[in-house]
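Consider the two complexes below, in which subunit A is the common component and subunit B and subunit C are the respective partners.
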Partner chain A sequence: MYFFLQITLSGIATGAIYGLIAVGYSLTFMTTKVLNFALGMWVMLGGMLTYSLHVEYGLNPLFVLPIVTLVLFALGVVAERFSVFPFLRAGSDVWVMSTLAVGFLMIDLAEIIWGRNPTPVPPFIGKDAIYIGQVSILPQQLLIILVACVMFLALDVFYRRTLLGKAFRAVAHSGDVSGLMGINTRRIQALSYAMASALAGIAGFLVVPLTLAEPQMGTVLGLKAFAIAIIAGLAAPRGILICGLMYGAFEALVSGYLYTGIRDILGFSLMILALFLKPEGVFGRRQEERV
Partner chain B sequence: MPLLEVQDIHVAYGELEVVRGVSFTVERGEIVTILGSNGAGKTTTLRSIVGLLRSTNGDIRFDGKSIRNAAAHEIANLGLALVPEGRQLFPEHTVRENLELGAYRRLRSGKRSEFVDSLDEIFELFPRVRERLEQPAGLLSGGEQQMVAIARALVSRPQLLLLDEPSLGLAPIMVRSIFDAFVKLKSRGLTILLVEQMAWLGLEICDRAHVLEGGTLALSGTARELAYNPRVIEAYLGTAL
Partner chain C sequence: MAEGGGEVNTFNSTEVNMSDKTFVSQIAAAAAAVIFAAMGSAQAQEPIKIGFAGALSGPASFVGIEIKRGSEIAIDEINAKGGIKGRKLVLVARDDEHNPVKTVAQYRELVEREKVVGIVGATNSASMLAVAPIVNDTLKVPVICPATDATEITENDAKKNGRDNYLFRVGMYGTGQANFMVDTMTKKFGHKKIGLLTWTGGWGVTGRGELQRRLKENGLSPVTDETFDNNDTDMTPQVIKLQNAGAQSILNYALVRENTFVVKTKEKLKDGTPYVSAWGIAGPAFWKAAGDAAEGVLTSTTVTIDGPQSPERMAFINEYQRRYNEGMSAAVFAVGAYDAIYLFKTSMERNGLEPKQIRDGLEKIPEFNGLVKHFKRPVFTRDRHNAVTEEDMIMTRWTNGKLLEVKFDSKGPYVEIDAKTKKYIDKATMKLL
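After this line comes the complex of A and B, so read on.
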């Protein structure tokens, strides 16, 4: 039992990261049906920036976080403007390629700037595990779970309570009708892309002490988060957190009790199965039109 | 100067031109109706006025200013509000949220009290909207949805209200109360451009009307002239009476 709880808990911490990245896919999908397929590379960029600011320049993580968030947000605006918007405007699907191209470019640049060697980043708050009975958790893992939950709560409040959030949901339903309301749908497209980039950056900031800082650190994270977004439903941000946490626990249990090699096979099979059984996602609802 | 001036617009879907040289004007304070059967190009005309479609020729002027190349949200913010065909509410937003989105520009500039005032005006016009305020708009009946759709356009305090077949699919009693509301709105000085397939409904409340056939205006005149025009009677009023 102790072993089970221990594994589940650390799995949940990883799952919180997955959830945070996964909700980024949903942000852009809901407003424009666009997916930034390279979101994992944006996670990497957040992680590498954190490494530079925190390890190389010795900046306090409390300052690193807002800097990483703002830089990634700004880069998100630029990337959307030049790699997504031109194709959207022309009504083409080439953004699928161009988002990936930007991601590979980011990996190449990261290798030039930081090199390929994985470098450890010390945890932000204490190295010693916290014990709850016999079960232990690293302060960094606790921080991840906490921040992820706060981000999701904030996102929920944004969607449900703020005018801009309501406009996001309106654009998700119909860009044309939103335009009739005086909503600048173009601005909301760009904003959602930048917000997704910033979220990925925050995920990178949080996760880099657990992984190592290296240009490939985000690639697999991004793919798994994508699977989770698909399983939960791209239009169901609330479900994505739950799904992320469950997926993290599931993965940890599989590698704990079975073996690590089949972990990802099971995970991605689950995604394909979910696509077959419920294309709109476990938490997604089919769009129904009432006349 | 007319409030709205549509000059020789042409609109195509791909190769197929479905609006072919339509021109008309709407003066301040009047109700103008565009009649026409299914597929005549009424919706296409309205959508190109509000910036959801582009005219390849001619010009569209609102208050003297060309809006032909303006984006839909810019046109909305100038004071044109379209109640689209089939109502097109945001079904998962509550009625209140739909109305907030209708007043998007004013709420963004912090004018919440103006919004509250216009809600009161709406409740006076459509008392049933008040009872439905916190419900998802998709759960309302067709008539209630149409009231909310009109309310959503009105809370933006438009100068020109455009309506695309507001009677479509509604029970006669509901149609009655909605058209009564248009007359009330006109008496308060609102300018209305109404698109209707039900010719007698449109002619009853309008000042001037145009008949759209195959993408061009076949007939134009005052409401009275058209109501007694043999061609209109035969093609649009005859079957209904």
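After this line comes the complex of A and C, so read on.
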């Protein structure tokens, strides 16, 4: 029993990281059908900034968090303006490549600025594992699970209760009609991209004490998160969290009871299967196409 | 300087009416004459070129930079003492970006255009495996590898067919390292229940196979055989499975990043199973990343620059620090490259300066006092192109930020904290007694 509980809990902690990143894909997809394919690199940028501010300049994490969020938000605005909007306006799909290009640019710049050696970032709240009975979890992992849950609740409130959130959903439903109704569609597009970037930054901030700061830290995380966003459904933010936690647990259980080597084979096969059976995602609702 | 000044004055006094401009051009002409004369003599004494192609940029660049620096220190020392047969040595380095396709092209360029007479390896095994047949069949220039541990680099077709083998190695080689790791744990530490934990990436896969083979040769099989991905940040399932299988020690093939996650997970789970890694973590980067969680971890290697050192090693360590203003990030490669250059030198002085003569000479060096170690036997023979054999490898223990060699006496394994303090190691837990 200990074995099952311990690996499941560790897996859920990893899954919370995936969920936190995955929701970024949904933010932009819902408003513009655009995906920032380099979201993992934005996570890395958040992590590396956290490293610099927290480790190199000794800033308290409570101050680091708003700085990272704001910087990533601002960079998101800029990146959207130059790497997404021009193609969106022209009705082209080239943003697929340009978002990735921005990501690779960030990796190269990070390698120049921070070097390539993995560097540790001390956990924000205590180093010693917390024990629940025999089962142990790191405080930082617990923090990530908590923040992920809070973040998803907040997003839920945002989408359902606030005017801006409703505007997001309106644009998601139909950009043209929303425009006619007086919603500044263009601003919503830019805002959703910047919010996704800021969220990725927050994810990077939270994750970096667990992953070590290095320019490649976000690449695979971003890919796994993408798989989760697809399985859950890009238009189902709540489902993404649940799916993230489950995927994390699934990975750990495969490693624990089967074999690590086949873990990603099973994981990505699951994604393809999900796409095949339910293209709108396990938690997604089919969009009625009216002609 | 004083004499030169005098001459200038003579110029001025005899040709008073010279304008400043002609005076300057006179000086320039004189200087040019001196430079041309110097170049003339340099041409008569063309330098001997040694090549290197490896990663000098990208994630593996630390390996390439160490090889380049180690080579440069050796070359400058040799040149300061008059070079080889009156000729200077130079290093021609190329950045292959860790890409075997580029390594092949650059090896050709180094040999055919730059006319290098020897090469100090590359930074990845794939590159060396790609160039090995080309080196033996067409380039025919001796290569000494300080890094790249794939067994087949030296145990290649040329060797199997009894032709001249141009590939030599002063670093680790795969088969030998796995044998050394398994034998040390089973014979010297008396562990019979060995668990494996290896990386699913290229190096981990070969390592896993080698460890399995050696365990089998010793009549054992791993109590459990775990793997991990290079993006795993939490190794909980693997570590618990190793615990449950009752492993007395865990053998591992991986690099700094993955090993950091392993030891941090072990710390979280309060797992004290002795952990033994191949030489991927034999550098300060591991302690920097893992911190205290690395205490007690063992790693096999060829060289450590921590703990008491020979005077020759100390001189090299200090020279490195002085020149580059930092410590070595991976001493094995710098030290190996330094020895590779001196092996080339020894062979050239004994046997001649043609690539074929250098190759033949390398097989006939009867004794060699290198930095890796003092080889009191032929460094290489026709059948053995690995300088470092299983008997020469060392087991080291991460001890308070230092990588200390594990030595054995009648009372058991111990490390020397400094020249005076000797601490014995508990065979079951790897803790200091």
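In this text, the second predicted complex is superposed on the first by the 288 of 291 C-alpha atoms of A that agree within 3 Å, B and C clash if a C-alpha of one lies under 4 Å from a C-alpha of the other, contacts with A are read in each partner's own complex, and residues count from 1 in each chain.
Simple rule for what comes next: a residue touches a chain if its C-beta (ideal position, glycine included) is under 8 Å from a C-beta of that chain, and two chains touch if they have at least 3 such contacts.
These numbers were taken from a predicted model, which means no experiment stands behind them.
In the superposition on chain A, A:Leu62 makes contact with neither subunit B nor subunit C.
Of the two partner chains placed by superposition, only subunit B is touched by A:Met181; subunit C is not. Judged by the touch definition given at the top, the superposed model places A:Thr119 against subunit C, while subunit B stays out of reach.
Looking at the superposition, the partner that touches the larger set of subunit A residues, subunit B or subunit C, turns out to be C.
When the two structures are aligned on the shared chain, A:Ala170 is found in touch with subunit B, with no touch to subunit C.
Using the contact criterion defined above for the overlaid structures, shared-chain residue A:Ala252 touches subunit C, although it does not reach subunit B.
In the superposition on chain A, A:Asp264 contacts subunit C only, with no contact to subunit B. For the contact definition in use here, the subunit B contact set and the subunit C contact set of subunit A share no residue.
Put simply, subunit A touches subunit C in their complex at residues 3, 6-7, 10-11, 13-14, 116-120, 129, 136, 138, 141, 210-212, 214, 216, 220-221, 224, 252-253, 255-256, 259-261, 263-264. Interface of subunit B with subunit A (complex): residues 50-52, 71-73, 76-77, 81-82, 84, 86, 88, 90-93, 97, 100-102, 104-105, 107-108, 138, 142, 152, 156, 169.
By the touch criterion stated above, subunit A contacts subunit B in their complex at residues 163, 166-167, 169-170, 173-174, 176-186, 288-291. Residues 58-59, 61-62, 200, 226-234, 236-238, 240-241, 244, 256-257, 260, 268-270, 285, 288-291, 329 of subunit C are the ones that touch subunit A when the two sit in their complex.
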